[in-house]
Each structure stands twice: as C-alpha cells, then as structure tokens.
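First the structure, then my questions, so here it is.
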Amino acid sequence: MQKSRKLRSRKSGMAPGSLVHVGEIKTERPEITLIEFQADELREKRFASIAESRRYEPSLETLWLNVYGLHEPEVMAEIGRRFNLHPLVLEDILNTDQRPKVEDYGDYLYVVARFFDYDVATKTLGSDQISLVLGRNFVLTFQERRTGSFDPIRERLRADKGQIRKSGADYLAYSLLDAIVDRYFLVLEQLGEATERIEDQLMHNPKPRVLQDLHLLKREILALRRAVWPLREVVNSLQRGDSAFFKPDTLPYLRDVYDHTVYVIESLESMRDLIAGMLDIYLSTVSNRLNAEVRALTVVATTLLPAALIASIFGMNFKEMPLIDSPIGFQIALATMLAAAGIMTLVFWRRLRR
Amino acid sequence: MQKSRKLRSRKSGMAPGSLVHVGEIKTERPEITLIEFQADELREKRFASIAESRRYEPSLETLWLNVYGLHEPEVMAEIGRRFNLHPLVLEDILNTDQRPKVEDYGDYLYVVARFFDYDVATKTLGSDQISLVLGRNFVLTFQERRTGSFDPIRERLRADKGQIRKSGADYLAYSLLDAIVDRYFLVLEQLGEATERIEDQLMHNPKPRVLQDLHLLKREILALRRAVWPLREVVNSLQRGDSAFFKPDTLPYLRDVYDHTVYVIESLESMRDLIAGMLDIYLSTVSNRLNAEVRALTVVATTLLPAALIASIFGMNFKEMPLIDSPIGFQIALATMLAAAGIMTLVFWRRLRR
Amino acid sequence: MQKSRKLRSRKSGMAPGSLVHVGEIKTERPEITLIEFQADELREKRFASIAESRRYEPSLETLWLNVYGLHEPEVMAEIGRRFNLHPLVLEDILNTDQRPKVEDYGDYLYVVARFFDYDVATKTLGSDQISLVLGRNFVLTFQERRTGSFDPIRERLRADKGQIRKSGADYLAYSLLDAIVDRYFLVLEQLGEATERIEDQLMHNPKPRVLQDLHLLKREILALRRAVWPLREVVNSLQRGDSAFFKPDTLPYLRDVYDHTVYVIESLESMRDLIAGMLDIYLSTVSNRLNAEVRALTVVATTLLPAALIASIFGMNFKEMPLIDSPIGFQIALATMLAAAGIMTLVFWRRLRR
Amino acid sequence: MQKSRKLRSRKSGMAPGSLVHVGEIKTERPEITLIEFQADELREKRFASIAESRRYEPSLETLWLNVYGLHEPEVMAEIGRRFNLHPLVLEDILNTDQRPKVEDYGDYLYVVARFFDYDVATKTLGSDQISLVLGRNFVLTFQERRTGSFDPIRERLRADKGQIRKSGADYLAYSLLDAIVDRYFLVLEQLGEATERIEDQLMHNPKPRVLQDLHLLKREILALRRAVWPLREVVNSLQRGDSAFFKPDTLPYLRDVYDHTVYVIESLESMRDLIAGMLDIYLSTVSNRLNAEVRALTVVATTLLPAALIASIFGMNFKEMPLIDSPIGFQIALATMLAAAGIMTLVFWRRLRR
Amino acid sequence: MQKSRKLRSRKSGMAPGSLVHVGEIKTERPEITLIEFQADELREKRFASIAESRRYEPSLETLWLNVYGLHEPEVMAEIGRRFNLHPLVLEDILNTDQRPKVEDYGDYLYVVARFFDYDVATKTLGSDQISLVLGRNFVLTFQERRTGSFDPIRERLRADKGQIRKSGADYLAYSLLDAIVDRYFLVLEQLGEATERIEDQLMHNPKPRVLQDLHLLKREILALRRAVWPLREVVNSLQRGDSAFFKPDTLPYLRDVYDHTVYVIESLESMRDLIAGMLDIYLSTVSNRLNAEVRALTVVATTLLPAALIASIFGMNFKEMPLIDSPIGFQIALATMLAAAGIMTLVFWRRLRR
C-alpha cells in the first residue's frame, strides 16, 4: 500500500523540469498566505487567487510565503517566476515523494523535509512533504495540506515574542526546521508507547498477534529512519555553515536542531534493537509453553501406562492365572499398579533433573 | 544458473584489449542508429552495415550513436577507430558482465551501467549491460538488445521538447542516465509488490513454500543491490563535478539522479530487513501450530487415559472384586471415570496457566 | 516509563531560549556554593538566596560555582547575566534531557554530560544531567541534585593536594570530567555483576524469568551506550585540543579521560554481545529439556505399548483361542510381552544412535 | 588442520631477516627460469643450479625471473644479493603464510598475493603464496610450486601478442596480477556451484549432513575473504598511482584489476548472506517435518483413544451392565466408537484452523 | 571474576598522578635488571635495591632497564625521577588495567600493551600489562611478573646476533613489540585448537556442555579482541612514522608488526563468526534428535494403537458378538490387526514424504 506507492517512478520519460504534480492530493484547493515583517512591523495577507497575488508588492524587510496544496502547477509556475526558481526545484516541490535534501542554487537554498504522523488506531505512519526555499530576505514553504505545525511560529511573529522578528529570514528558516524536527519527537513518543504496549503484552499475555504488531512496528520504524537519516545530513551541512544563507549568529541554533535529529536516530536504533529482542522473547515463550504441555503429557502417560498394562494382564482370559482366585488378588494388583506409577514418577523426575 | 554464469572469469589468459564478446547473445544482428542534432536541426540515420556507416560524415553539433547487439567485434573495432577509444574500453563494452563504473580517459568518459528486469512469473531478475561513452560533442551507447528505455528521449529530441536539443552532449548523457535509474524504480516496485504478496500469504495462510519464495526474493535483492551500489558511486563522482565533461549547468540534474540511486539503495536495505523479519514470523507461526497440535494431543490423552485405566481395572478377571456384583457398579465406575477426567482437565489447565 | 519520558519533545512551539525547566524536579530548593581559589588561598561560600549572591564580589584567580536543583529559572537568569551566557546555554541547562555535547561559545565552553545510577533492586538505570561551563578563569557546574561525586575534588582543593589549586580553571574542569567518567565505571561494574548473576542462573538453574532479566539488562545497556557514545566524542574533541580553553599541559590528562570513555564503550559492546549469546544458551537449554521429556515419553510408550497389545489380544473373548487353556499360557504371554519390550528398546536405541 | 597451521607464529624469537623457510614444502627442488625480452627479441633460460645462474649476464631491456619452490635459502640469498633485496623481503618470501600486501622499498616494489584452489572432493580450499618484486626493468616472481597460471603470459611473450613485449616491466607485473585475480574467479565459480548444489539439496531433500556442508562452505568463504580483502587494498593503492613503478599508461589496466577484486569481495559477501539464509531454511524444514509427525501422532491418538475407551468400558466385568445382553449391543458400541472418532476429528481440525 | 575485576574504577577520587599500585600483585618483590650496550660492547647488571641502582652510572650508548613487579611505588618514583617521566606515565604503569595505547611526551614515547596466556585447563585467558618507555637512547620495560617472553631478545643482544646491537634504542623497542605480538599468535593457536576441539565434538558427539564451552570461548575471544584492537592502532600510528623516536630504517620492521596485529584481529573475527555458526549447528542437531524421537513415538503409536483397539473391541462382554464363536475368529481378528497396522504405516510414510 503506502510502501508500493512510494517506490513509484517519477515521471517515466518526461523531460526533467516538467511541472506535473506526483503524489496523492490532500487539499481541495491551494491556499496561499503571505507574512511580511521587520523588527517594528508585520503584515499578513491571504490570496484568493494567483491573479490577486500577482498584483501585490511586498515592501517590508523579510517575507514568508506559505502554500498549502500542491496540485495546481500554475500556482507553482507563477511563484517560480516571481522568485526566479530553477525548474528542478519546482518539479521537486510538486513531486511529493522526495528524499530530504538541501541544495544550494546560489540565489537561494532549497530544503526538502517530511512531516510524520503516527495513526495509533491503524498502527501506520503517514507523511507529508514540506519544501522550504530560503533566499536573502524571503522564505517560501510548500506543504501538501494544513497541519498546524507552523502556527506557533506565526503566533510568535505576530506577538513579537523572542528575537524572531528582528533576526531576518535565516532565523525564520531555522524556526521552521526546528518545528519540523519537533514533530519527530511526538512520533517517537507514540512509537515508544506502542513499543511499551507490546512489551507489556509480551510479558503478561503473549498471543500470536503480537508478532504481527512487532512486524508492523518494525516497518514503521524503518520508514521513519529512512526519512530522518538524510534530514540529519541536511541539518548537519547547514549547521557546519556550508551555506552563506545562515548568518553565524544563527548557527548555534542549527546545532541544536542537529542534536535533536541525532537524538531521534539513536532512539530509533534503540527501538529496533529492543524489538529484535522482543521477538526472541516471544519465540522462547512459545517454546516454554510447548515444554509445559509436553511435560504434562509425559507425566500422565508415564504414570498411567504401566498401571494400564498390569490391568490388561489380569484381564487376559487364560484358564490358569496366578492370583486370580486369591481373595486379595485384586488388592495385590492395585498395589502393584500404584507401585509401578510411583517408580515411574521417581525415575522420570530424576531423569529430568540430570 | 544465472549466478554461476556471472562469476565466470573474463578471458582466461587472453591479452587485455582483445576484442572478444563474452556473455549471452541476445540480439540477432547488431543495429546501429545515429542521431545528430543542434538547437535548430535533427537528422536520424540507421546503418545497414559497417561499410555504409564508414562513408557517413556527421555535420551537426552533437551526435548520438546507439548500438544494439554486441557480438560482432568488427563493428566495435570500427567505432573504436572512429572515436579513438582505448582498447580496454572496447573490451569492457563487449564483456557484458561488467560492474557499473566510470572511467575518465581524457578525451571521453566511459560509463558502464545495468538495466534490470524482474520476471514476475519465474521470480528472477535479468539484466543487460549498457555502456555509455561521453565525448565533448558525442554520446555513444551500447546495449545488448533493444529494450525501449531510451525511446522517450528520442521522442523528446525529435519533438524538440524541453532543453534537450539546446544543451549538448552532457545533458543528453544525463538524460540517458536518468532513464536508466528510472528503470530501477520499476523493478523496485515489482520487488515491493512481491514482498507484499509474500507478507499477505504469511499473515493469512503460511505454507512451507513461502520460505523458498523468501529465499529467492532475498537473492534477487542482493543481486540488485550489488549492481546499484557501484552505480551510486558512479553518479556521485559525476555530480561532484569530478569530470570536466559535465558542464556546471548540468550538475544539479545529476544531483537529482544521485538522489534517486540513494533512494533505491535505502529501499533495498529496508526490504532486506523486512524479509529477515518475515522469516522469523514464519518460523514462529510454525512453532505456534506445533504448540496447538501438541496441546490437542495432551488434552485428549490426559482426559482419556485415567478413564481407560479405570475401565481396564474393572476388566480384570479376579474372582473377587469389589463392586463387581453391585447393581450400580457399572454406574459408579463410569462416574469415577468422569471425575478422573474432570480432575485431570483442571490440573492440566492450571498447570499451563502458571 | 523512563523511556517515554525521555523522548518527550522540548517545548512544543516555544521560542528557543525561553527559560523553562523541563524534566523531573529532584531537589527541593536550589543550593548555590562558590569556591574561589589560587595557589596559596581558598575561600568557600554558600548562598542562601540570589540576592545574597548578587552582592558578593569574588577576588581570587579561579572561581567554581556549583548549583544543585535547576527548577528556579530566576537563579539561572541571574547567573546567565553575570557570566554573560547565551540564552541557548541557559535553556539547555534547564532542559535536563540533553544529549552529551560540547559547544564553544567563544568566551566559554559549554559541556553537557550525564551521571548514571544503577538501582540493583529494581534493575533500572537512573540518570542526572550535569552541565559544565568553562571560562578563562571560572567553572560553573549545574546538577539536578546533590550526588556527592564532586566531594573528593572539593577535598583536594581544600587540602591543597596535588596540583589542582595551582593549575587553574581548565585543570579543575578536567578533574570534574574525570569524576563524571569515573562514575560510569561504577555503573559498568554493577551491570557486569548483574550479567554474571544471570549467567550463573542460566548455567545452573535456568527459569523463564531469566529472559525478562536479560531483556531489561539489554535495555539499560543500550540506554547507557546512547549516553556514553556522544560523551566520547565530547572528550575526544577536547583532548585533540580543538578548544583554546584547555592549556597544552592539561591535554595529556584529557587523553586519559578519553581512554576511559573508550574503555566504557568497548565494555558495553562486549556485554551486549555476551547477552545475545546468553539468550541463545537459554533457548537451547529449553530445547534440551524438551528433548529429555519427549525421550522419556517415547521410551515408556514404545516399551509398554507392545506388551499392552499382547495383553489385550489374550483378553479377547473368542471361544477358541490358542494357549488359552494351556497351564503355562499365562507365562508364555508374559514372556512374549517382555521379549517385545526388549526388542522395542533395542530398536529404539539403535535408531537414535544413527 | 589447515587453520591451525596458518595461525602458527613466525619464528619464535629469531632475529628478523633470518632466512628460514616457514611453511609446507610443496616442490621437490627449486626451479629457476629467466625470460629477458625487449620489443624485438626474447631469450629464455632455465638454470640447473645457483652456480650456473651466477655466471649468466642478462642483456635485454626487461627481465622476468621466476622461482618455483622456496625451501632452499641459499637460492634466495643469491637472488637477494643480485637484486639488492631487503632482508625482510627475503624473509617474507620464504615465510609462506603472509597476508597480501604491497611495500615500496624505493628501488623496487614488493607485492605478496595468494593463489587459491578449491578441492571439490574434500570441499576444502588450499592456497599458495606468490611473491612479486617489481623493479625499474625487472620482475621477480616466487611461487611455492608450479601451478601453470602464468603460462598464458609466457605464451603471449613468446608469440609477441598484444603490447606485452613493448610495454616493459610494469605492464608485465600488471599481467601477472591480472592472472592472479583471474584465478579467484575460478574459485568463486566453484564455490558458487557448491552453494547451488547445497541449495538444491536443501530444497528437495534436506538431510542433517547439509548443515556440516554449509559450515564447511562458510569457513572456506571466510578464509577466501580474509585473503582477498587485503589484496583489494594492495591493488587499490597501485591503481591510484601511489607508486612510481607503474607508468601512467598502465594505470587504467590496474583499475580493471581493482574492479575485479571488488567484484570478488561483493560476490563472497552475497554468498555468505545466502548461506545464512539457507541455514534458516534448513532449520525451518526440520521444524515443518516435526510438525507433520506430531500431527500424525495427534490425529491417530485423538481418533482412536475415545473408541478404545468405549471398548474398555464394555469389557468391564460388572454383573449388570446396560446393553450387554441386547442383541444389538455390539453394534451400538461400534457405532458410538465411530461417532466419537468423528467428533474428535472435527474438533481437532477446527481447533487447528483457528 | 576476571571481568568484574577489570571494570573496577581507577582510584575513586584520588588526585591523578598519585603513585598507588592498582591490580593483583603477581611477583613477590620487584626485580630490576639493566642491559647497556653499543655495537662492540654489552654490560648486564641486576640491582638488589633501589639504593644500589642509584649509585650506578651507565656509560654505553643504549640502555635497557627492565622491572618485574610493580607494587613498590618507591621504585617507580626513583625511576621516574631518573628518566624524568610524567606523573601520569608512572600512574599508568602502576595501574595494571590499562588499555593498550601510545603517548608521545616529547622526550620519550610511552607504550602500554598486554601479554595474554590461555589456560587450556580452565579455558580462561589471563593477561599481564607491559609498559614500554622509549627515549632517544634508552628503553624501559615494566612487567607484572617474569614471563620469559623477552629472553630471546636478551640472548640476541648477548650473542650480538643480527643487527640488534648496532641499531639503537628504537630497534630494540621494535624487537620487544614484535615479541609481544608474537605471543598473541601463540594464544590464537590455542584458541584455534579449542575451537576445533569443540567443532569435532559438535560433529560427532554433541552434548549440552558444548554450549557452555562455546560461550566461554566467545567471551575469551571478545576479551582478546578488545585488547588487540587498540594495540593495532598503536602499532599503526608508530609504523606511519608519526613519532620521531623511530628512525626511517626501523619503519619497515614496524610495518611487519602491524601486519601481524591485523592478522590477529582478522583471525579473531573469523573465529567469532565460526562460533556463531557452531551454535546454530548445535541447535539444529538438537532439533534433529527431537525429530528422530518423535518419529519413533509416532511410528510405534500409529501402528500399535489400531491393533489395540481391535483387541479391545473383541474383549467386550456383549452376549452376542460376531465371530466370537467362530473357530477361526481369533485368527481373523489377528489378521485384521496386522492389516490395520500395515495400512497405518503406509499412510504415515506417504504423509511424511509429501
């Protein structure tokens, strides 16, 4: 399902740079919002149409344009024209199955990342692509649908909290990256809880279903890891100051984001390791149960079979049989049976103790 | 089969540079096509023989010569002479079991890659070698047989779509590499579907056959990985701009191809990991079944054996036996049997609950 | 439990640099102690309140300020103001779920590390964050609670033992790092003992519980390793002399600390490897037991069943049966039974020997 | 056997540089052959004794001296004196348990490699050491015994095929290295076939012996890998042009050899991976058989035991028993038995289906 | 035991550089021997006391001081004073649980390594620390006890064999390192033999004890590997010529030692791999036995139970039963039993063949 969709090829022979949306459509119609600001002022604008946006001329120092919904190529084309974006960037924005990466196009930096959601009910991970373009004095963000993850940043901008308004486009870009990585912690927490739930089940009431749950969980962890790993590289190259778009003042903040991505990866590795161990525990629990059952069977069979044999012997129809006419023959037979059962039990237990 | 063929040694003591075709012949006779083009013009030519091609003089800016079928050394020798190719290059083109690699010979760049096909019916991977030589103003491609993978590029050239005609030989080479990597996505998708099919079977109706399917799938994934890994290195060295044959304008496009190869490798690793997990699931499903069977046996044996013993006891032929003459003796015996079975069931279940 | 707490996100949309304590509160009220010293003098001071500390002016060469309890942001704010600390440093000090790291802020070096405690009774690891700020002539340490690990260093300072008083802030910082890494050896020892205890149990009296103990131990080892790994990198970058805060004379000492962290990591890896092996041993012990039980059952069944069949045969009620009227019929029947049992035993053992 | 011999220490306290042969003697008496050549001429000479060789003065441009059999130190000493070899080189040549390596001694390059043979009958790998010394205008090769691997090169020299006569000592050295690596392909192929043979056996007729075969195969693959890995490094350092002994013209050829060693290593890794998977398949085949057997037992026991109980009940000797006097009593009893068996079968199958 | 001792922390809060012996005392009283030599002369001296050594003035070019037994700090202090050693070096010499390392203190090089002994009887590894200090014209060695490993070097010095007397302190240091690494080969050989012994046992007569032996062996291999790994790095950094204490002439010899350490590590890795495989073989051997036993049980039960049922049926006490009065009733019953057993055997075998 999700997996096979992800593996699908891009465009199969189309010219690179063609503006075609590839991926699921998650938003009815694109929504374009613009926030422009400088230390002492902030203006917000929501555009109903491309035409409307075309007439607008921003005048403040820094500009943040956000687009929800990527399936209308003409919107992209217009934005690409205005901000002078490379055709490959536009194509990558529209193709929502990209791997996280950062690319420096000289006039701007293009960053691709992913948002993840863990659906506790279906035990599956969903993800949205988020593209970010950072120029000298603008930030563009492109999302597949409204997720609300950037709302706190908008709030901070409006309320002029912290240094965000004074610090320009690169600090804004950092804030957005930080919000993205923060989402991973939420997913980590949910996966961690799912792991613990299975662990509990395993310790107290292991059922065959637990195996499938472990398999699903492992698959999701692998998928998440595949997305975070390149993101780590992205943030690492940014925090090393490889690109001129982030001012030295912003670098310590990026280092912080980098630490978080490393933490996420290490936690995922640990989870994977624990899941492998849990599978072993399940398998040995099954073995232990088998042992218990076989032992029960063995105990019953070894104690009763000798007695049954004795009974059968005295049930034979020979004319002449010892004890058969004795008044205590029956009692002697019973006693022999008991003795046989007793000896077998003894032998059996001593044998297993060895 | 396929594997052992692949491992065969090259020429066993022949001088390097000898023009001998090594590998399966997949095309009846070589087919040579030439496309020469510049921004405003394009000419196509199909040669019936080497002699014919010898008389042809290309005159446009960029030239693309494609050969299907590699088993006629004289064709290779002529092309080698015309484009001044190193004997080792010619030998590598003819030896169709090469590892993907890139080599810079000063006047041209030699790239080896592989096309893969997954045959869903036989569950095996087949592959063709594709050699590409990129000079200042020409591209040569050599394929074992006609696969149709480059047809969209020919279409784009003819229709003058995108920038392909204007951008010279290096952009054409990029387009071809892109088409090659695109094929991997197709194979990935098919392998992914095969994985999911086995997964489904495993969850709902696991049979011993599933093991062999997993083994085959794993083998194909390993083979594919062995081919993509060096290809990744090839594309990586190209996109870093190590070679002067790709103009700076083309590098971002190569970076894109590189991203795709990385994605392919990561997907293969994930599949391998999932397959390992699936094997564990199969094994534990088998264990669970064993448990269920042993439990059934144990339940039956432990409840019936005591009753059978009692019946045998009253079947003994002693002259004097208690109850034997009582009118309700039979009923008492039956009741005792039931009681014994009940007690055993109780003990047995309590024991397993522990 | 502990795990899910650790994975929790930092502040969910708060501006970076906000002074909010994140984590468990382990100390009732912060406690601030100051030691200032130079080669020939030492002064100690314990502050009851921030106000009091504000009036104090240190005058000796080197200053060590230690804070226990991090949940009062105003304390942090005042210290940050006095020592001119970056807002991110203050935030990291207060957020006690940091990964070990070192950051050079030009005027000072910021180091985060962790103290670990292994609770033998509950078999769980607990940990405290310890932050260290090293300036030209001061060291600041921030701990979640009083652990006593730095007391020997205080003693050495007071008693003027070794070179600690003469060697300035960087040597003090080294001594503190050394004390931190020394704690890991204690935990290692405890984990090593726990491993040996389980090993013993496994060899002499393996019970299903052992599996859960192994799982818990593995989890704690993974957690510890996740903390030591980055610490190793921290100490490595310090001992290489990357930072100007450590004088060349102090570097050999740091190399020593580095050796210790490497040793800790290698020991953890070995433990992990041994634990994996122990699980295998447990599983095969279980299998061996199963074998013993099945063998007991098989022996009993194969020797008794033929005899029982013979008895049943002579228990049939046919009018005419051979031997039935013979005076030694019973003896012959018994002898046949014994012979059958003997043959079965023979066949059975020869079969298993094959 | 082979393994323990290999691990033996070199000389136990002897001075380094002592000329003592360490290893098995595989040739009766050393055999020394000399080929000297230049573009237009070639002379061959076989020396019966060291004395004879001492009198010989080579006069052509390039010289190739080959020695089979290394157990006569005086031969080595004389050659060492003539070509001015370092004592350590002579010692390494004589000690035939060396790891592949390359060492640059200024006046010449010393290369150690290994030839492998897979004995299909005993399923074991044997190996010979081959030492190669490359000077400005000479090549020396030292082998433990005659293997015939270099014969095609001798043929090419004599027939003046390809560029070998014109290209000097470094090209000759390359040709020899190429021949060595070519041998690995042969061994790879044999191991690959052995793997496939076991695979076939596993799929169609798995027997316990298969396990030991897998273990042996794995051991040989590990041994081969241990030898090829350093060889890859050797060839890599040569093809990078680290040494001045190989002219730039020869480097592309070395790159080719390097590609082959990489290919060998990757194939070995894949085989190892497949072998691990095959073990899992074997184990689960064993489990499946166990399941089939236990199921047979369970089916028989559960269907027959209830019937047997009923029969025993009517075999009791109570004076008064229901049905016992009825003319259709026997038929009713039989019918009840059949019904019981039917019910048990039903219950049993429904249970397993769950 | 050994393991937990090793993990113990160094000094728990003591000032670094304190001269306290940490570790087991293995020698009654320290023994100090001095060898001074130059190309044409050699003098040996054994000191009864520190006082005596204090009066001695060496006068030849190179000096080698060896100390057995490290528990008398005053000896160390005196040597440290004479050769001007850093307090940390003295501390490390006395603390006999160091990791192998090399440290350059400007005036001398400090090397720590370990000697290993494998006790075949107890199947455990013991180890001694050996410290080596190399100055311009002196070598100091410190050992926990007399092991005799350096005796051949003393012999060579006395007999003036090889170049050892002429080559100065660095060549002597190389000879000592070589002797140390040579010891590892001995241990490798013993471990290799232990592995083969277990392998043999496994193939011919697998017993549960084999598991514990494998576990012990694995533990020792891990311990050895942990010691050789850093030693490899030590020798590698020396052979690269990082330090000025080794003259260029000596470097090729160090390269030789480096090759040996690499060889040791690779052999250990292979052993580990083989041990993992051996565990799998043991487990599947156990499974195979289980199968054989269950099969025996199944065969007996399935062939005898139907017969027993038939016998029970004819043992019922109904008044009217078919065949019961027939003179060949008994024979018919027996024939039916045989037929039933035959059919069951047939069905059973066909079932397992599927």
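Chains here go by letter, A, B, C, D and E, matching the order in which they are written, and residues are numbered from 1 within each.
Here is the rule we use: a contact is a pair of C-beta atoms (placed from the backbone, for glycine too) under 8 Å apart; a residue touches a chain by one contact, two chains touch by 3 or more.
Because the structure is a prediction, the values reported are computed rather than measured.
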item: Each chain counted as touching subunit D and subunit E at once; value: none
item: Interchain centroid distance [CA atoms averaged], subunit B/subunit E, Å; value: 42
item: Centre-to-centre distance between subunit E and subunit C (centres being mean Cα positions), rounded to whole Å; value: 26
item: Subunit D, residues touching no fewer than two other chains; value: 283, 287, 290, 294, 297, 301, 305, 308, 312, 315-317, 321
item: Chain contact graph, described as a line, ring, star, complete graph or other shape; value: ring
item: Ring topology as an ordered chain list, initiated at subunit A and continued via subunit C; value: A, C, E, D, B
item: Interfacial residue positions of subunit D with respect to subunit B in the complex; value: 151-153, 155-156, 161-164, 175, 178-179, 182, 185-186, 188-189, 192-193, 196, 203, 252-253, 255-256, 259-260, 262-263, 266-267, 270, 273-274, 277-278, 280-281, 283-285, 287-288, 290-291, 294-295, 297-298, 301-302, 305-306, 308-309, 312-313, 315-322, 344, 348, 351-352, 354
item: Subunit B partner contacts - residues on subunit A that touch it in the complex; value: 1, 3-4, 7-10, 12-18, 86, 88, 92, 98-99, 101, 103, 105, 208, 211-212, 214-215, 218-219, 222-223, 226, 229-230, 279, 282-283, 286-287, 289-290, 292-294, 296-297, 300-301, 304-305, 307-308, 311-312, 314-317, 321, 323-327, 329-330, 333-334, 337
